[in-house]
């Protein structure tokens, strides 16, 4: 089972004719993803990996009933691309680009909330359900890193993802769905917003959260556990526990939410809520085994 | 019975210390309206007609649980006043000022829709349920014009209102609730949006619509009748049947909706939907009697 | 307030929308000099605010100085009251599009209208080929997003650089629309030239009257109005419409005025003008009647049913107006609402017969107008 | 990118926010001339990007030219690297407020923060008196509406003209925030003068790095960076952070780098710098290692786990860097991901020992650093 994407999800790829777009379209299809159409303004009539290309998302949706959009456009065009997908009625969107201007990231999230849509990213590798489908850029062909299984994973960091999923596999587990919410200060979707999906997913036994210092997303996960809204076992890793203060976070931004944004505070909040927190990636396998009451191999 | 306002509606008056605000606060209270608070920035601590005044709507709502806002501020401040009321959680708003800039009127209606609120006006006398309460400026003390009864009235024109309600009374009827949606090109609420309320109101036997050339509000009423959404008897009067073309309406604006905007088209649409249409105000009494199957006195 | 073509184009150009080279001229000599400067062939475009200028012979291509002089002289002398001529270069056109931005009152947003068949009036298009009209709704706060402009361009069947140029014009037209508090910004036709460029062949820009306070430089001059009286009324902020008949209406409120206008016509009468006597003008009876009498009407008909605009105050003003202006025509009064009991006495003292029924007042006015001056 | 106080105040003043009279000086003589021009008493404010300038003695009031000269000389000579001094008039203050605009990542809007106790750091306030902080959320598209500014003003307990002046400053600060793509626009303290005026006592403005392309004039100079290497890296678009330790990190991705930083510390090591070797920089191994070696580290530690940033390409670059730069310190490599099989051979051929486990790589680097140079 999976959340967000499965083999019936009808994906339109925005920016499909670009280098990244065409490369990853091939690999998305390779994994089994149902890519129904592509969009590049001005290139209607072409095809990429057998996928027909349209000028606009509206036309792609009209002809191919796409219900999810995978966006491969440069950061300063992401806002327009997301708005175009929302306008065309799409409610599942993944955008990978690193460098979306902050104020546009705010508008993207605001528009998504208003539309009742989910935008994942930017600055992420995307979303993958190993063995099924993906919207994003994951080297699923490396077996020691990506294996289907029953652990839901959420991560802020693209670069840590391979590192930590390798540890999940090394621990004897596999991944049901992995959601890379992305490393931006204002991601389109936040950790806690996926907890209801993981809670409801019969294919997920436990969730692994890969967090880091800054912001309040880990505190929100802790709050969802405290409130009883999320009740499956949860293991976390939080990077930046020894990071010197002020070298990463904004200034007044940190006080806008509940927490202070420090890794130590996040660990405290998660542990208080009942999560098992690893102090290093290599620790997550053992903690998953403990959380699930299985013997670690 | 009534729609929109009754004696339990807790009204905050924005702009209460102004000439118009204080004058009509007195008369609203005189009719029985429950005015719980007033707002004029900078005048907190005063009182008008025994009603306490606050700096902001938020404070007025916090202290007095107002659930409706009556706005008496000059036209160029109406947008801000409406947004302030919406922000404070108020979902019933009447704004009377004539001269709200068009783009602000668009923003007002857009914000109201987004909030699930109802803004009546501008450029209106407001809303009255004779014998009960009012938010607006009606000379309810003139008996031959305002009498409680079982006819719901909706009007675009402030100046025609007294003229036509006098005809309702002369016809032997009275008014359950009168909604002046206002004469602006972009009113906050439209005729058809009140039809479900009149349909549901056990105190309303029939509805009288006072329309005029321009826009598409009358056509929308006809559509609601055609669809079966509104099923009570409906009588209408449409002004401007002999008006020369192009002397009132915008240009491309007229084609944005369903109809051409001419009074003749409106009459045709309403009659086709089963409404009885008077060609002059004096005709409405007789048509109401016919619609209700009663003998006109 | 509707702007002239040359003003609309100036507003377009200020946002970077390409327009043909043009020079405004107010005399025959200036027109010829402008045409010489621009070069032949060029086009003389009369700057008046009515549609169908082409069919009416008010837009004429000229191929040399002689015809330019002859046509300019004809235009300035025409009955249409041409006071300004825009002299414009002739453009080598490949096709003409329609493009406009107006408001959508139901959805509460701006509305882009476009059509691949330009040069035709949009009302005509809406009647004959409604499905050819492309609509794109635009939130006023977030503005037109690039993808929306592209949607319109591709829906029109444009391609390549022309699609891009069109999308740019549309984005700029939205800025014109917002910056000017427009109720309508229209380019019809929008030229596509033989070399794929896009430029505004004509321009309409209509500013929201309620937002004129934000655009003091656009204050309208005499040439916006049908008559001197309309101009005088506008200067004093009194809504006024000029018609061709013989009954002069002083009414409080546009809705009531429209109804009285209908009733006058039903009774076989005709309206000379409508002057707004309500709202902030209800204390200006003397000036209002003075303006109405300027039309030399057969009857002045006053109809009000006021709440704030008190009947007694209006009656006093009317009494004073009758006393000071001594109108040669009869004055029919139907003044009701707050203070109406008091008004009755005032009007009777002034020698007027107060009526209370609108239809009765209209019938009386029409009868008096038909009977000629008493 | 954080701006200096004088730049923030220039941006504030450009939108009409009142600021004290001030002159920027870059030498002792200029400082004294500026102070003479402004008049005494005035304040010398060191333009450096760290907080707590007052406590550190980097903001000093002066009462005459002699002290101005002495203090300016002291400041320019201080260890804090003061390169610019803002000389400002002394203001007769009645009270100090806190005002800032930042972002609310959860609600996806701008967030106004205000407090009646100014002069204190907001983090301090959030800890000690969170209920004193007034919050107002602002939609980025519709902007700050007047009622919101009034809500904040009255929540602060301001009255009359001061409330009005505060609301105006807030509306202007929102324009600064939007026009500059700010992540933070802060006025702390915001002075209320004895005659009820409101002006910016200090100014912080931090521009979103991802939006710097819209603000080319703000391109940061050398004085924004901790070190020459950081400045060099920035000029080439390579993210770089300077620390005090002895292990130089070349990592692909901030998340992985943060984790490696932790692991180094857990093992008792210390980090000299972090240089971003991922994303668009993964082909820049030679330049990246050159910058790292500029720190004279005891070890260079390279950790990646790439997908698009191919392991074999990175390995080739590292091999080339080792060959051309001939580092005097050991290089520990843990390069994995797409193409890692091929990378192994390349690294071995370059005389390096490829590792596959991050912790193992970290342990080795720390051991080497502790053991001194081989």
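Chains: A, B, C and D, in written order; residue numbering restarts at 1 for each.
By our rule, contacts are C-beta pairs under 8 Å (C-beta built on N, C-alpha and C of every residue); 3 or more make two chains touch, one makes a residue touch a chain.
Predicted model only: the values in this text are computed from it and were never measured.
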| item | value |
| --- | --- |
| Distance-maximising chain from chain A - centres being C-alpha averages | C |
| Between B-D and A-D, the pair with more C-beta contacts | A-D |
| Centroid spacing, where centroids are CA-atom means, of chain A and chain D in whole angstrom | 28 |
| For chain C paired with chain D, centre-to-centre distance based on mean C-alpha positions, whole Å | 56 |
| Between chain A and chain B, centroid-to-centroid distance (C-alpha), Å | 49 |
| Where chain C touches two or more other chains, by residue | 139, 141-142 |
| Sequence positions of chain A contacting 2 or more other chains | 107 |
| Arrangement of touching chains [line / ring / star / complete / other] | other |
| Set of all touching chain pairs, with the criterion as stated earlier | A-C, A-D, B-C, B-D, C-D |
| Residues of chain B that touch chain C when the two form their complex | 20, 75-76, 98-103, 106-107, 109-110, 113, 125, 137-139, 142, 155-160, 162-163, 166, 183, 185-187, 190, 210, 212-213, 215-216, 220, 239-244, 247-248, 250-257, 260, 279-282 |
| For the chain D and chain A complex, residues of the former touching the latter | 100, 102-106, 108-111, 113, 122-123, 126, 133, 135, 139-141, 178, 181, 183-184, 186, 204, 206, 208, 210-211, 213-214, 241, 243, 251-259, 261-263, 265-266, 278-279, 304-308, 336-338, 340, 357-359 |
| List of chain D residues in touch with chain B within their complex | 142, 145-148, 150-151, 154, 159-160, 163 |
| Interfacial residue positions of chain B with respect to chain D in the complex | 41-42, 44, 55-59, 77, 79-81, 83-84, 87, 107 |
| Residue ranges of chain D in contact with chain C within the complex | 139, 141-142 |
